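Note that chain A is present in both complexes that follow, paired respectively with chain B and with chain C.
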Partner chain A sequence: MELKEKLVSSFLAFESTVDTKSTVHDIRTKAIKDFEAFGFPTKKVEAWKYTSLKNVLKNDFALFSKNEVAIEYKDVKKYFVHDLDTYKIVFIDGVYSSHLSSTTHDKFDVCLMSSALTQNRFKAVIDVYFNKVAKQDGLVSLNTAYSKEGAYVYLPKNVAADKPIEVVHFSTGSETAMLLQPRNLIVVEDNSEVTIIERHQSLSKNKTFTNSVTEIYAGKNAHVDYYKIQNDTTNASLIDNTFTEQHDHSVASVHTFAFGGEITRNNLNFTQKGQGIDSILNGVTILEGKTHVDHNTLVEHTEPNCESHQDYKGIFDEKSVGVFNGKIIVDQIAQKTNAFQSNNNVLLSDKATVNSKPQLEIFADDVKCSHGCTIGQLDESALFYLKTRGIPEKEGKALLMYAFANNVLDSVKIPQLKNRINALIAEKLGVSIGFDL
Partner chain B sequence: MSKYTEDDLKKELETKEYEYGFYTDIESDTFPVGLNEDVIRAISAKKNEPEWLTEWRLDAFKIWSEMEEPEWANVNYDKPDFQAISYYSAPKKADPNKTLDDVDPELLATFEKLGISLDEQKKLSGVAVDVVVDSVSVATTFKKTLAEKGIIFCSISEAVKDYPELVKKYIGSVVPKTDNFYAALNSAVFTDGSFCYIPKGVRCPMELSTYFRINQSGTGQFERTLVVADESSYVSYLEGCTAPSRDENQLHAAVVELIAMDDAEIKYSTVQNWFPGNAEGKGGVFNFVTKRGICENNAKISWTQVETGSAVTWKYPSCILKGNNSVGEFYSIAVTNNYQQADTGTKMIHLGKNTKSTIISKGISAGKSQNSYRGLVQISPRATNARNFSQCDSLLMGNECGAHTFPYIEAKNKTAQIEHEATTSKIGEDQIFYCNQRGIDTEKAIALIVNGFSKEVLNKLPMEFAVEAQKLLEISLEGSVG
Partner chain C sequence: MLEIKNLHASIDDKEILKGLNLSVKAGEVHAIMGPNGAGKSTLASVVSGKEDYEVTEGNIELEGEDIGELGADERAHKGVFLSFQYPVEIPGVSVTNFMKTAINETRKARGLEDMPARDMLKMIKEKSELLEIDSKFLSRSLNEGFSGGEKKRNEIFQMAMLEPKLAILDETDSGLDIDALRIVASGVNKLKSKDNAVIVITHYQRLLDYIVPDFVHVLHDGKIVKSGTKELALELEEKGYDWIKAEL
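The block that comes next holds the complex of A and B.
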């Protein structure tokens, strides 16, 4: 049976496991109909021109995990930023793991989507924010139809989260192929602040396909700092749909560190609804082997005096494929917009491919918008200089790559996380530089 | 060409309507509207074409019938009804043995109005002009001078008769019949166009030029241009378009094919000024053009275009850099005003080693117009040391227009070096204030700034064209400030 048919026909079975009386029920029912109409995107769709899901969708995915697998913290410690005190929301094969997690309801809520969707005290928030920011396409509708579990973070007005929140999804390979559909909702009301670190990790060689949707709402003067670490195995594919809505003077930044995965697609959407907003989209992609990462960003400037900054760096070796598809839309009333987009790539192998499509759609005249895109190699003379100073070629190359990605790494505000990312990059490049950068 | 002064501009600005919007009453030999195999056979018969070409056209028609009109471009318009167009229209008095004296005096007067008096052109600027009115070439000058060098420059229908082996070999070799909807349509129904062949080692001594116009109401124009530059030759080719003011939309679907063999160089310049529709966006020409060139080893193709006209423009002059060390260039200014829509750009396909390409695109949008740059830079796995530089700048005038950039960059070789940058801005109030201070009024200041903005591209045009282009820019943007 085709995956699409399987998903549509399994919907009723899924519905019976959740509360059908809640308002979310109607949203789910509509969403499955939308998915039936949209289907999965194909390469014929302009936004999916360079990324094909065909091979991923061929697998016979299990939609629900039958077995419960317990994981010991010591086995997975390395996937957390363990030297940092954080709230943790951990899922194993899509099921919440209470003994790995650490949640709170003190002053603000860090808990589960399943509770938020079913318990009455969250209803007011769910009614206002759930499935409001997300734009419906095939994959988002599919996720909405099966929305049940994920991270729920709610900060009322004037609250700063006292420590970062880690959201980690493990897949254990309890099924030969598993489809996971986490649904996250992050609501940060006026004058509040939160930092979130998200990671998807597959612990076995079995296929995993994650279709995740995250909705972020940033109220007036709110600060949201979101880090995504994508360093999965070549058996895991991830489609990350993130939608951010921002209001007056809020600052939202999403940093994506993509180091692996069979196919990783980041659909990152920012809608600015107010003035004085700053949106920051940063990304470092370092790939080798047969991996594919596609960054698809959309920033919509709908009101005057806002800014957006996009900076994506990519290093591609072996047979890896990198795609950048960025779009900035400036509406007619969005005067005095400053929108910048930069995509720099280094190709290290003849089998590697970079496809870049930085787009601007501008309807206002008093704006400063620019984009730049480069594809090139490491500077031979710089490499030679390092060699003459006794730094071997491999380390020299790594140093240059660090330098290349540095201004994105600099934007990481948590030192422990920055160290972790540096360590990941060093591991990726196969070097030990011997000092902290 | 006499010097163009500010007073001339002022005079022109007073007449706000489309400058070249007149209509010459010439009796035309026009086919009834509609398109089917019989019409194609009739066109072919009318032009005494050989069997193979008739078959080629019919094949193209078959391909076209199965194709759908593309919708990916960032333009909105009412689709033309292809069955409501007459596919052949020729001035009746066209004589196969034409000389300048044989040309209809009324036509000559039209050209004079356009400022391209043949006599004057002949004497003063040394440009050979293959004048095309409603699809049939009516005058070819300087043919003799060119013939001495072995250069063939004639209408494509003459070429079909006189040099069938050349035409047969190269037609459709760069833009195949199956390429796209409009190229297929053109292949089926093209009525005339220019053919140019430069033999080995010859440097064409003058700029070759054709003028296209649409004159007969309700006739589409389907030009076919084929330029072949043999080894180590050089040619600079100019193409300019003007069309009269008309209410219903007119369709223009041309195909231009350039072939630059080893060490050859082709410079192809266009000034396009078809009727853009009036200030309410009514009328205007649909310009759906397929232009492509292929470069062999060490060859170079350079496209320069100034696009100011047409209600809808859909045009991507491209270079296939097949040979090693070949070079492709694209310099473009696209100006849109009122309700005009332009979706234009280029494709640079790097196949050979050490290939280089440069893209400079300047978009200026005013009024309620939409101006898009759409380009592709593709580096194939074997194209080592490929180099590309692209720059797309947009200038917005007024807050009701739009400027868009859709670049596609695909690199499959690690030695590729690609740079792309784009900016969007408006004319600064401080810049205008500075000019005002020095006694330059706002309208002129804008013309000055726009000229500076487009300088990089204007510099690439041959002299005669550069003057005309500057004039066009000023006229197109007139009234867009305030």
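The block that comes next holds the complex of A and C.
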């Protein structure tokens, strides 16, 4: 049976595990119909021209985990920013692990989507925000239809989260192939602040396919920093759909560190609904092997006096493939918009590929918008210069690549996280030196 | 220290060095002069190990060891230093971090532990004072947006930090005003000792008023065609290079 049919027909079985009388379930029921109509995207769709899911979708994915697998913290400690005190929401094969999680809090909610969707005290927030920011397409509808579990974070007005929140999804390989569909909702009301660090990690050689949807709502003067660490195994594919809606004078940033996986697609959408808003989309992509990462960004400027800053750096070795498709829309009313986008890539091999496609749709006449993309090789003269100072080729290349990615790393505000990213990069580049650039 | 015998080197099948001989002993300063296109910068690149050049004949020995097959980094570990005519700008790498990496990679290659951070800072402070370099300058990206004089001072600062046995200064005087020239030259003079050697490659005599050579060589068409003492440089300044060509 094709995966699509399997997903549509399994919806009945899924319904037996949720409350079908809720308003949320009306949303699910509509979504499964939408998915049936949309199906999975193919390369015929312009936005999916460079990324094919065909091979991934061939697997016979289990939709629900049958076995509960226990994981000891010491075995997975390295996947956390363990020298940083954080709230932790951890899932194993899509199921919440209270053992690995740490959610004790008082002034705001750090909990599970399954609780938020079913318990009365969350209903008011769910009614207002759930599935409101997300734009529906085949994959988002599919996630919505099966939405049940994920991270739920709610900050009422005037609260700054006292520590970052880590959301980690492990897949253990308890099924030969597993489809995971986490659904996250992050609501940050006026004048509140939160930082989230998200990671998906497969712990086995079995196939994992994650279709994740995250909705982020930033109220007036709210501040949200979201860091995504994508360093999964070559048996794990990820579709990350993240939708951010921002209101007056809010600042929201999403950093995506894409270092691994089989196929990774980041659909990152920002909608600005207010003035004085700043949206920051940064990414560092370092790939080798046959890894494929596709960043698909959309920033919609719908009101005057807002900014957006996109800076994506990519380093591609061997047969890896990178895609950057960045769209900026400036509505006619959105005067005095400052929208900047840059995508710089370095190819280390003749067989690596980068497809970079900036798209600007500007309907206002008094705006500052710029975009630039470059694709090049490492500077040989710089490498020789480093060598004459005693820095060997491998370390010299690493140093140049660090320098290349440096301004993106610079905007990571948590030192422990920055160190972790640096360590991951050093590991990727096979060097042991720690450049504290 | 350095023995170059019958060195032939070419780039893209074009022969630039055509049988060059040069012998430099510890404690000596040699100046290599010559008209444009004589092969001066090629000599600097070939000795420091630039892979674009192919050595087709002859050999290069440093302290009795053939270094002709070594990479530029390995030559650096053995004590070769090249001060670039055009230092490369490396955005995103600060001078300090670059120096730390260079020193510790060199120490690693020599089987030594990393230099303790305190010693490193102390050394950086000492050597930057020698070149009259402001401490703010050290946290800037390497050579990025540096003036010509700053770049050259930074080159000699690196030389001071790395303490090479053989330093090759390629057109270090180009792009320098007189004050910067004085600082750079005085830095080089302070670093000179009986155990190291300096090769000064220059087009003009001006730098040699400050860094006084023991020997002056004239490079022409890929060979050293005349050698002498510092007076030769003065003669070249006065008469140009044509009389040497005429002598050949």
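What we mean here is this: the second predicted complex is superposed on the first by the 432 of 437 C-alpha atoms of A that agree within 3 Å, B and C clash if a C-alpha of one lies under 4 Å from a C-alpha of the other, contacts with A are read in each partner's own complex, and residues count from 1 in each chain.
Here is the rule we use: contacts are C-beta pairs under 8 Å (C-beta built on N, C-alpha and C of every residue); 3 or more make two chains touch, one makes a residue touch a chain.
This is a predicted model, so every value here is computed, not measured.
Participant: Going by the contact rule set out at the top, does A:V45 touch chain B (first), chain C (second), both, or neither?
Facilitator: In the superposition, A:V45 contacts neither chain B nor chain C.
Participant: If you stack the two complexes on chain A, which partner ends up touching A:V128: first (chain B), second (chain C), both, or neither?
Facilitator: Touch partners of A:V128: none, neither chain B nor chain C.
Participant: Look at A:A423 in the shared chain and tell me whether it touches chain B only, chain C only, both, or neither; answer first, second, both or neither.
Facilitator: In the superposition, A:A423 contacts neither chain B nor chain C.
Participant: Once chain A of both complexes is superposed, is A:N345 in touch with chain B (first), chain C (second), both, or neither?
Facilitator: Once the two structures are laid over each other on A, A:N345 reaches chain B alone.
Participant: Going by the contact rule stated at the top, is it chain B or chain C that touches a larger number of residues on chain A?
Facilitator: With both complexes superposed on chain A, more residues of chain A are touched by B.
Participant: If you stack the two complexes on chain A, which partner ends up touching A:A13: first (chain B), second (chain C), both, or neither?
Facilitator: neither
Participant: Have a look at where A:L399 lands relative to chain B and chain C in the superposition and call it first, second, both or neither.
Facilitator: second
Participant: Regarding the shared-chain residue A:T388, is it in contact with chain B (first), chain C (second), both, or neither?
Facilitator: second
Participant: Using the touch rule from the top, collect the residues of chain C that touch chain A in their complex.
Facilitator: 48-51, 71-73, 75-77, 80-82, 84, 87-88, 90-94, 97-98, 101-106, 109, 141, 158, 162
Participant: For a test of understanding, state which residues of chain B touch chain A in their complex under the given definition.
Facilitator: 72, 379, 381, 394, 396-426
Participant: So in the complex, the part of chain A that touches chain C is made up of which residues?
Facilitator: 379, 381-382, 384-393, 395-396, 399-400, 402-404, 406-407, 433, 435-437
Participant: Along chain A, where are the residues that touch chain B in the complex?
Facilitator: 46, 332, 335, 345, 347-377
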